[in-house]
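Report on the structure given below.
Labels for the chains are A, B, C and D, by order of writing; each one numbers its residues from 1.
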Amino acid sequence: MMMKLEFENISELRSDVAEMLAKSIHEWAEKEVIPYRAQIDDEVEIADRALKKLFLDIGMQKLVVPEAKGGAGISFEDLPQVLLRSFEEIGKADAGIGFVLSALISASISSMGTEVFDYLSDKLSAGLCKIAIFPPQFGKSDFKGFELAKAVAVGDKIKLKGFGRPLNSGYDADIFAVFCNYSGISVAFVDAENVERSEQIKSTGLVASKNCDVRINAEIEKTRILTGDAWKKLYTYLNLCLSALCVGSAYDSCRILRDWAEKRTIRGKPLGDNTVDAAVIANVIREALEAKAVAQMLTKIMLEDRDDEEVYAFSVVAALKCSDSAFNSADRAMELMASQGYAREGLLEKQWRDAKSIRTLLNPSHLLLELSANYFGSKLW
Amino acid sequence: MEFARIREFESPLERYMAEIIRDWGEKYVIPHRRNFDEDWKEHRTIEPALEKLMVDYGIQTAVWPEEFGGWGLGSSDYFGSICARVMEEIGRYDTGIAVSVGVTLWPIFVIAVKPHINYDLCAEFAPLFMRKKLTMAANAMTEPQGGSDIENLDELKGKTIRTTAKLDGDEWVINGHKLWPTNSGGVADLFGVVCTTNPGVPDEKNFAYIYVPADLPGVKQGEPYRKAGMAADKNSDIWFENVRVPKRYRAWGEGLDAKYFRIIISTGCLGSAGMALGAMENIYEILFEKCSELRYRGRPLKENTAVAAVLADIAAEIEICRSAVYTYARMLDRPDYYGDRFSAEMIARGRALKLKVCDACCRVAERAMDLLGHYGIDRNYDVEKHWRDVKIIQLWMGGRQLCQMDVARYFYDCKQL
Amino acid sequence: MEFARIREFESPLERYMAEIIRDWGEKYVIPHRRNFDEDWKEHRTIEPALEKLMVDYGIQTAVWPEEFGGWGLGSSDYFGSICARVMEEIGRYDTGIAVSVGVTLWPIFVIAVKPHINYDLCAEFAPLFMRKKLTMAANAMTEPQGGSDIENLDELKGKTIRTTAKLDGDEWVINGHKLWPTNSGGVADLFGVVCTTNPGVPDEKNFAYIYVPADLPGVKQGEPYRKAGMAADKNSDIWFENVRVPKRYRAWGEGLDAKYFRIIISTGCLGSAGMALGAMENIYEILFEKCSELRYRGRPLKENTAVAAVLADIAAEIEICRSAVYTYARMLDRPDYYGDRFSAEMIARGRALKLKVCDACCRVAERAMDLLGHYGIDRNYDVEKHWRDVKIIQLWMGGRQLCQMDVARYFYDCKQL
Amino acid sequence: MMMKLEFENISELRSDVAEMLAKSIHEWAEKEVIPYRAQIDDEVEIADRALKKLFLDIGMQKLVVPEAKGGAGISFEDLPQVLLRSFEEIGKADAGIGFVLSALISASISSMGTEVFDYLSDKLSAGLCKIAIFPPQFGKSDFKGFELAKAVAVGDKIKLKGFGRPLNSGYDADIFAVFCNYSGISVAFVDAENVERSEQIKSTGLVASKNCDVRINAEIEKTRILTGDAWKKLYTYLNLCLSALCVGSAYDSCRILRDWAEKRTIRGKPLGDNTVDAAVIANVIREALEAKAVAQMLTKIMLEDRDDEEVYAFSVVAALKCSDSAFNSADRAMELMASQGYAREGLLEKQWRDAKSIRTLLNPSHLLLELSANYFGSKLW
């Protein structure tokens, strides 16, 4: 049985830089992740080590850091396609590591051209660094229903207060990118020492992202805050990274299913020759292809001269679609593989848990409402 | 909140069992539930909970006839309803424990449920379960090649079974390899083993259901598998190497084994649907609490209409599923009215029920996680545990596809599936 | 094939009605059904079918108390089950006729169903329905602004009702504009009109349910709307311009009108689910026949496992839905056991039922079309007709969203939706 | 309330020719279709007249016919983006007319470079012409389960026999493109006089496509048959046309919903400010955007140098996705609009019926199995 899964990106999205990087990531995956994947959720040091190699040795952490500071200095013109390819490869290996990197990269990109970028570049060049995104959120009752951290200007400084749960890495981030209500929606960058952390939370998947509730109580320089549309840029790039990550995840589920299906017989025939099973297989593939198409489209329009709002809105659609597809691919593949999909050793269940975690963290209902607000200009919530 | 069902058929025994399970669940499961995942191999907190329920509350004796010290559930006119309720109530706390309990009762159904009660075998095995000691059973069915194909009796007539039983004098000699039964991995004391007396020949006469005590020479069990969830349910390999049991350990004999074995399918579907229902109800309870507590822009989460819509879909799904579970349970209660529990009709209806209720349960768990956003993946909110757990209920017993084929065969008179 | 339900509650009257409807359907609907779409305005073939059922078989008298010549269905302990069955059986043939029949009985429920039987009004209006002449009724509820918001009693307390009833001596003077009631467009002889005695004030006391004979001066009806389907159900505008009716035509009076009006919601949900169920069953029957007949590469379509899987999903969906419909019907049968038919609980359960069964029905119809490929859109296969027809069942009575809000309100104790 | 729905195609897919044509089609729609849409299903002459204008006056019928023969002579390099834009515009007006045109265009394209093309070009230049596609199908019992028409070579001629239902226009087509078993899967072009038609079938939607069962009994020249991969090319272009048509349909549903929602209040607030309604609106938009992204991706890869199999497989995915989306957009919009969506005058119900018809005609289960066969090389059915 032969399964053709390759579906090369459209020509405008191919670049030598992207390919080179994808190759390094592929090698990293083969060496640092693939052999240990069945244990990665139980032995946290595996993910820690792999993450460190990816961030530092391959240098993904410094992807946008200027060459002068030891980074790769990828420019805006190359970024989208580089992210598309890189995160797809990471998604085939470990979505959790990719998730942590998504936050770091989108936060750094959102600061490009500002003083925050200099600060981040220094931090990112100095050694392993993780950035946690502290997004608008629904809160506990003591949080009185404010969705953004509170920012108040006091002289030259800004006082920042907030309590809640970061998107990622709350437990071990070095920097927090905090969504706050400072002249609209802004993003403040806060060092970890100003953040009080609760116990680490056990969660469904994405083991590389160690999270917890945090209390932010900081006084920061005004230069540490990004106003205007920076938060949208952050989300747009985050959505791109996550979309690509999910494409990789969906492809990995296809591959796992293929490897299993090749050996499988049902009612005396190869599995794929039973039409009911073939129909499920087709749906698994279809999800992966659709996700790949949508992620490419997002990448492509990010390279074009378009209205930021339009790109942002489409990035929301793309992230939702790709995370849906990644989950559906894994879920339906598991339907066929049954206990062998559900067992840890089979790897599929890891993709299934990770994909579901990303989908849940995207908080689809909230994003959809935002989308509606965006398109209808209506006042929601 | 009690979801929809016909309450007229709730028997006193059912109500009593529901009460003790609620009491047990709050005391022995809830305090430890968040650590079950780490306890998947050792069962340090899971086993005491099981022991309480099975031994102290006596559930492990429930099915056996009264004359052997059991509760005689197998002769009750409320057999189906009670089975469903027990699985529902345990499932509310932990579907892993539910299946572990259910599978202990399961193989006994073949010999201790009206109208097919094998008093000799009851006399033989009941005492094991009357001990004041946790005693479990397992149904050794699935094999490495072909998975749950074995359950596909109507189509394959046992043709693909590779575990063999050969009569040698007054003893069966059993050889084979079974995979993934609940309560394997060292848990079960007694196996009900699906084997063939004539491998490769599609004839129900060759289908043999033989009881094998787990401590016999030649029975070897592997280490439990690590899974996405369902920590309380240990699954492993079992190898039978020239295991010898007395001839009378075969449940009924040629043809009848296959016939009465089918009660395993109908009750297995009911039990699966029942525990999935319990899990959904617990998810509902958690959502009710958390969506009242969590706030978004000044309001409890549940007071936002978009959230309320999803919450409503979930409640409505449970209403429908509970109606269906107890309708089917009632149909199993009264074979005189609805047909034998091992009939093709009741099996097909059971498959239909399992198919839909499991689909609903997985979807409910998914949507509940999505609603809770970053709390959805938090193990302290318990929803994600149910989500991981219940997926395997959908997958076991042949998964969706086998259910679909059985349903199509009966409802559309298909002959060549 | 009889899909799952608890059969113990099938009363002799129910069985009898089912039999006459089957007989009627085969004789008076099936021969004309494929032309109903063209007959949407004239009802040349639809009206005789209705007349047969309502007059000759007497269904239009069913709800009225026996002392007024009716069958006394309103006092039956099988009220819910019979309503569900009648809608299911008619729905199997044509859901448009089902709703047309159902809506004729509907407004009568407010005054002729135990424990709220208004003997004076029964004496007033029953004779109309005892005539040997097709006599229909309609429930004038929905208004142009806000759509079905009016049904949203718990939240709005009648605040948004714009049709007014003003007491002038011994008469109510009614003014307003209603949209889309079934059996408008010149069909109905009697309207049950939802109005307010104090517009804009959210207080159930102001909610008035007043009977208005269609031939009174000031009642004006528009032309029926052309729709995607549901040809047998005429919908139009109704204008009330200073229509005067005796004071006693108000169903019960302050507060009680709103209270008992709620039986309209619970029975409306049951009836909707019942007819959707009937449509699904007919789709199943058609699929069974066509997928046995149509061949693909040498085999009946149904013998291909991919097709069988979809067929099975459809059958399983019907199993679940039928269980749920008859569970809820039973709950309506016995208010002593399950609570008043007009209680918040029974309304919420009804909304949940309608929500899920209508969703299932639309999905079943969609998938059936897909399965049949180019025969799926062929009017001669009848599946596409059901698909067009049943969509509106999902949409009426406030559609999915209103169902969801009612369900959330009850099941999650929401206060601000 | 303001709804932004525009999402311009990616730069590589924009062309002057495409825009010019789209503009003409838009004008045609405004004049010939929009004013009569509520009656179009009841008064067949409306669709007939509009179709004729589109086919002849705008010249869509002769899109690929060489300029020498009076056609537009659009080349392969321009075709995909022209089809994308044109069919999107047609889909906003009347999917039935677009459906008939899809068959005509994909059949003619599949013949380009062969003698069949000359024959078709002559026909297409001579006056109004409709081509019916007679695809592989599951048949009646008397059809003994052959899915392709039988073709047997007799001397220089080929005898062709088949019975079944065309995809479109069986009742009034001038030419039939018949899938037959002649050295693999081939497509034979048969004049209508060799086709016996049964009564016209009433169907759910797509009123411009008048269909019926047909009996084909023809003797044709060998030059009238396309062998090799021509059938795949036909399907690939058909899938492109239908994808674009469905994008237009989905956008039209969005527009109808917007126009209605703008005036609507629920519980005293504008409809879009109720989060539950906003969530439905968002889903309607999301479907349209996803479809548009996938259709663009199909168009783009058709312009690239890719394996035909890959493009064909993706075209299947795209057509399924876009028809799903078109139906879902209409269906969920109807959920909000209730009776006003269900009434004929509202136009939404027409899009709903037409979209469902396309989806059903694509026969998703069959296509999915083909996809699976394609990816797994398994032997199905």
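Please note the rule applied: a residue touches a chain if its C-beta (ideal position, glycine included) is under 8 Å from a C-beta of that chain, and two chains touch if they have at least 3 such contacts.
It should be emphasised that the depicted structure is a prediction, and the values quoted were computed from it without experimental measurement.
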item: Far-end chain from chain A, centres as C-alpha averages; value: C
item: Between B-D and A-B, the pair with more C-beta contacts; value: A-B
item: Averaged-CA centre spacing for the pair chain B and chain A, given as whole angstrom; value: 38
item: Chain A and chain D: spacing of chain centres that average the CA atoms, whole Å; value: 37
item: Intercentroid distance (Cα basis), chain D paired with chain B, Å; value: 49
item: Residue list for chain B, restricted to those that touch at least two other chains; value: 299, 304-309, 400-401, 404-405
item: Where chain D touches two or more other chains at once, by residue number; value: 275-279, 365, 368-369, 381
item: Contact footprint of chain C on chain A as seen in their complex; value: 274-279
item: Of all residues in chain B, those that touch chain C in their complex; value: 1, 4-8, 284, 287-288, 291-292, 299, 302-303, 305, 308-309, 311-313, 315-317, 319-321, 323-324, 326-328, 330-331, 337-338, 349, 351-353, 355-357, 400-401, 403-409, 411-417
item: Footprint of chain D on chain B - complex, ascending; value: 304-309
item: Residues on chain A engaged by chain B in the complex (per definition of touch); value: 42, 137-141, 143-147, 165, 167, 201-206, 211, 265-267, 276-277, 280, 331, 334-336, 338-339, 341-345, 349, 352-353, 356-357, 359-361, 363-366, 368-369, 381
item: Touching residues (chain side chain C, partner chain D) in the complex; value: 34, 37, 142, 145-149, 152, 155-156, 179-180, 225-228, 235, 293-299, 301, 304, 306-307, 310, 362, 366, 369-380, 384, 387-388, 391-392, 394-396, 399-401, 404-405
